[in-house]
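These notes concern the structure reproduced below.
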């Protein structure tokens, strides 16, 4: 297979699988899941082949041609360092999630639908990664939204799942609103929607203010997809989906899309200072706020979700700090993908073992019952809290270093604080969930999961530790700053502070939570997520539902009456009035005739 | 001449007013005959002898007799015991006055109306009488309308017969 | 064959019918109508055969316009109307027999029916003369011939209070309008010194004409003409008279009389419109009358509950559209254009004939099964007789001016003319009127199709006589055909 | 007989034949399938040419009198009308096919029902195929009375008669205003012809074109006239109740097909004949279309039952098409035409499913329904397709069209944000709004727990699936490969722009 | 004062107006009908006056007279029919009061 066919196959295979499941394969749900997983493996293999191939653009498909061909939207597949590396992450994590799901979703009635959704998700994500233009990216961007809707709402008969799916989609839509405006503005300014052409033209844009605005608008898309403040609210709720889905969404797809997109257009960010500042600030704030929220969560998946938010904050922040920040962010995305997938799948295994209990205070003592899970989970945690020499350590270090180097103090300070917080809440999680005594019967009866589940965990654990080293990151082409040697020679303030943070955080957590059966501290502000959801609900209720209801009433009682009813009533009244003349008396008629004649004469001769 | 004009005009107008104001239909009918006589005299003053005679024969004679006959036939009582309702009176009078006022304006602006009665220059010799002239016109030039009127009269006859057929009680 | 033979044939037919009624013993006097129908059909066909005379010197032609295709078209309208009125009259005859005087012993049980068929023939002849009349005298006599015949026909149902009342109203107001007409004619004769319309036109066009007197005469004549065609504010008699008159006669009045009234109106108005000094005011008055008519007709119809009365208002409304065409001053017309008030009015009346007669046909058929003429009594007609309901639906659609019916083209032409002449006031009022029209015409459709029947309603099927059915089908086809191809009606104008 | 004459008159004749006694359903279905087939054949035979001129012309002169505009029964297609012809044919098949699912069909005579459907559909087809202004207008009006009867007799709910009145009077008056506008345009162009092509040629010529002074008031007439037919804000209040209470096939045909006539007219008639007028009123149009998108979008959000929500959503989406038209460039117009097609199919699909649900569940109120997708997964899937299509998700035709519209509205010189761009930005928020209400509806109807009272019965059968799939597949096909239709639209739009350019 | 055309026209007009006012004022149908005849007669005076003042070859314009002849004839026919109608009405309703004939209105 040549590169061209290969790229197209990578894109279309998941779609084909999703469609075929939908069209009839779903009757055999087992077969469906196998086909889906097989296709994920196959895609992974193809991506590996692609990664070793040349860069370039696969022959495009003219999706739509307008304006007599002056405006053409292609489905064109770009193969470059960035996209090929990203594809590997996506397909690898994707495959592992598929594999894990085989076991996790074994008894689910909607298994076929689930796997169709997964395949669709893979398709959408592939599209984003390979897109060579904004519109195509937007198309798949939206499709990711749909796929997430399907997967988060997999158990749609549950109110919470249904609401979460809707919320995720709508929040993303709001981001997309900005994204589309951004695309349009960039198009207006540079005259193209193709990344390559924009890259060439962007230097010549005169109206830099508008370009900044455009970039901020584009960033809105990332805010939505990557769940940055203030559109982060969908992500914790998205935990209503099956856990492997969370792993997929949080690790390699969807949320990564935003960061990826920013990296894709880094050439614009490079020349738009204001936009860059906005990006880094929002990223930093997200990292901080999410970490604070994570401190007080009890649901195992939610803790992980907030940690994801926090880590995404790092990545996005990195995109805005300029000069190498973009690569740093992508590097963190890459390492994070593995350990976060690991953590989620691990938590999935835990939840599975505990009969779908998710509250960490309902668990406890799982270390002994599920050793493999525990150890892999611990490795993942270590990477997340940036224990030195794990992958997470390196990638975070790079970001903070760059921020410091570029003199972006706000991101740097925020990042540093998060470095204190992350070890704390992750340690809290591990201690509460895995150590001590089992607090419920479900936890008590938990057993180690089967190999289909733990094999992915093991693979990911390996990656969580070693992915930052060039023997792995090389093939993934995410090696920008993974020059470990360089980092070693550079241990300075940042590394020391990080280490301090790690120690303080872990220590505090151990001190506070060791052997506890309930949370010794309570900070409602954090637990209730700064009341942002409530505020949003209020806004939606006031500014949307109330206004909508008001407008509905206005429509019924003002517009309709004025435009339609009033003339009708007027005509009726005129009719009733004119009937007055028809009194039925001949003399009255004659009188009116006479009067009319007199009036007529009067008018005519005077 | 002028004197006679005013006399006959007064006849006609007073007769007309009588038609309107007498409560008894029979009185109305008689004052109408008076009015028609006055009119006939005015016609004759205008050298329209045939028309004047016709006015008396047909209108004052035949038509008014018919009216009187019907009044008698259906034996209408003095149904208008009351005076005319004020507003009817006002309305009818108002329209009449307005009409006359407007007519006065029209006549004031109607320059040909200032002409005095022109002299008839060709009233000598046989066949110059108005009866002769009108008769000739009627049965030569106007033969076609005459035919239509004939049909009209036929229709009227049939209609009257149909409408006043005796009712079987 | 010369044109004037047509009237002679019609009159002769009428006489024959009277004779047959009087001297031939007939089982069923309805067969008299057949004489008329057959005769009129022949006359209608002959309309296409006639040609003008070679020699127009004779005195006769002062009173009867020759070589006038418009007149021929209106004669056609008169003949066709009468023909269909006779069809209706046959259906309606039981009512006539019932509502006229009970015959004496030994007399024919249908005594009085023969005249009911014969009189329309004379009216028809009168209408045809009106179409050709080009002299004040012939206009007057033919107009009166028609009017007096209608006095009789409207009052025909002597045992019916409504009919009598309608007759009296028509009589009084008709005579009043005749008075104004005569007075106006006198003045017109006085200031122009002529009875011939052509000469009057020339006389009025002189710049030194006394404008005040001319306008005075115009006002008087306008009153009478407006009365005949039912233009506001001289339309007030129409609803009452239409409601009371026997249904076929109402149809006759609303189509035949109106059509003839319009051609007379046209002929009488033309000299004034051609007169430079007064045309401005004349047009303005016509505009106001047209606008008033549109408003009165259309709005008054909205709250109407009686179907016949509704059609009366509809006839006023249509008079409004016709007046709109008339008021679109012809002095600004494009050279050589056939888009003139005359053609537009003729077309409109042709279309109006088809749709109005169709409605009345349905109505007179319905009269056999129910006395009520309330709109509500058409409830459930769609189930009782889908055909009748459909026929009425088409009639209403056409009256409302729904496209692809003849009525739509009528309106389009009127609007074309009015817009071409920049009569914006009329266009706006016409628009409002036509909009209101949708409502009240569809009210009938709503009653037939949408209203649920109630317990006491008769839901039995309705028998339609074959003759009526054929006529209805012919009218439906004609309405739709003319809706697709208005050229069909224009073609009849030559 | 040319193929277009056959396509146009076949449904009308079929209506007549049904009236005369032919089996109603079989005839209607057969004829509509035949029409669809013939339309597809037409599309295949259609040569997408660069000039975008009319093809498949046929003409029969009907009136040629001096002074009167020349009238002929003339048909022809360009890319735009071809697309709309296809839309009509597809929706008509679906509507006729799904009609027996309506239990309301028993309220009156089936003959009347199917004949009316054919008249509505056939009228729309006739309007799109006509190249004569008069017939273009007249064929559209053919639907007026059948719609009145259909809603009044077979409609849903207590208010159906009132609703029938509202829509009929509204549309009737709207089309009268339109008629006056059209006549005014014809007269202003010399009043010599009704042939659209000739009128356009006259308008193009600076000597015979309409003076700017006249355009100033002719265009508003046309805008209001066409606007009422399209339910342009604030002339929209007929639409939602009518669609929610109409029998399902009528709602499908009306919302899906007939409504597009007004937009078609704006593109085909108003813009070429009175281009200067269109320019003058651009900002007014922008305000009104934002009224459609934002105001009515929010009103849609406030709806409490599916049918009314769909009704309002259909009104709301007209705003986007107007945006494309207002953009007035190739991108915007192509987008508008494509969106007309896409919206037509998707709204027909939504109404088809909603109607089916109303019939089964007895209600469409959100608070009385829920969790339907669990027991009726196929319905849930199909509705999901429809809802996402309507919300403008990629993969469906609507998305491609909306993208084109937005790009069209943004196109132009300059690096500033003018009125049109501001309007576009505001309009983009409508995308969020439509997602809000569509997802809310889906959430309320299909997700969450099922109310105990709700009996769902069996899932959709093939009798429903076939028409539904027909529509879904069309949406997907055009969504994935917009060029299937765009190849026709592009040259046609170019043609119109050439006219505009003069 | 010399007699002028206007004298005749004015008298005619006044008579016409009187007739009109009678039509509006009187209740009795027969009298109303008489007033209508009065109006016709008044119009006739105008006609004759104009005939007399518009000389044709030194003679009055007899066309006017002819028209008048027709008017009288028609009026006679009208009276006949009208009275028949009134009689028919009277037979049915026992009244000739015009204000009572208003069963149909609005």
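Each chain carries a letter (A, B, C, D and E) given by its place in the written order, and its residues are counted from 1.
Here is the rule we use: a contact is a pair of C-beta atoms (placed from the backbone, for glycine too) under 8 Å apart; a residue touches a chain by one contact, two chains touch by 3 or more.
Since we're looking at a predicted model, the values are computed, not measured.
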item: Those chains which touch chain B and also touch chain A; value: C, E
item: Pair of chains with maximal C-beta contact number; value: B-E
item: Cα-centroid distance, chain B relative to chain D, in whole angstrom; value: 70
item: Chain centre separation (chain A, chain C; CA means) in Å; value: 77
item: CA centroid of chain C to CA centroid of chain E, Å; value: 26
item: Whole-Å gap separating chain C and chain D, where each centre is the average of the chain's CA atoms; value: 42
item: Contacts with two or more other chains, residues of chain D listed in rising order; value: 169
item: Numbers and ranges of chain A residues touching at least 2 other chains; value: 568, 579, 582, 584, 586-587, 590-591, 594, 597, 601, 605
item: Multi-chain contact sites of chain B, meaning residues that touch two or more partners; value: 88, 91-92, 95, 99, 102-103, 105-106, 109-110, 112, 141-142, 145, 149, 152, 156, 159, 163, 167
item: Listing of all chain pairs that touch each other, if any do; value: A-B, A-C, A-D, A-E, B-C, B-E, C-D, C-E
item: Chain C to chain E touching residues, read off their complex; value: 136-137, 140-141, 144, 148, 151-152, 155, 158-159, 161-162, 164-169, 171-172, 175-176, 178-179, 182-183, 185-187, 189-190, 193-195, 239-240, 243-244
item: Touching residues (chain side chain E, partner chain B) in the complex; value: 1-11, 13-22, 24-28, 30-31, 33-35, 37-38, 41-42, 44-45, 48-49, 51-53, 55, 57-60, 62-63, 65-66, 68-70, 72-81, 83-88, 90-91, 96-97
item: Chain D - residues contacting chain C, complex; value: 19, 62-69, 71, 73, 108-109, 112, 134, 137-139, 141-142, 144-145, 148-149, 152-153, 161, 164-165, 168-169, 172-173, 176-177, 179-180, 183-184, 186-187, 191
item: Contacting residues of chain D [partner chain A, same complex]; value: 166, 169-170, 234-238, 295-296, 298-303, 329-331, 334-335, 371, 373-374, 381, 388, 393-395, 399-400, 403-404, 406-408, 410-412, 414-417, 421, 424-425, 428-429, 431-432, 435-436, 439-440, 442-443, 446-450, 481-483, 486, 490, 494
item: For the chain A and chain B complex, residues of the former touching the latter; value: 587, 591, 594-595, 597-598, 601-602, 605-606
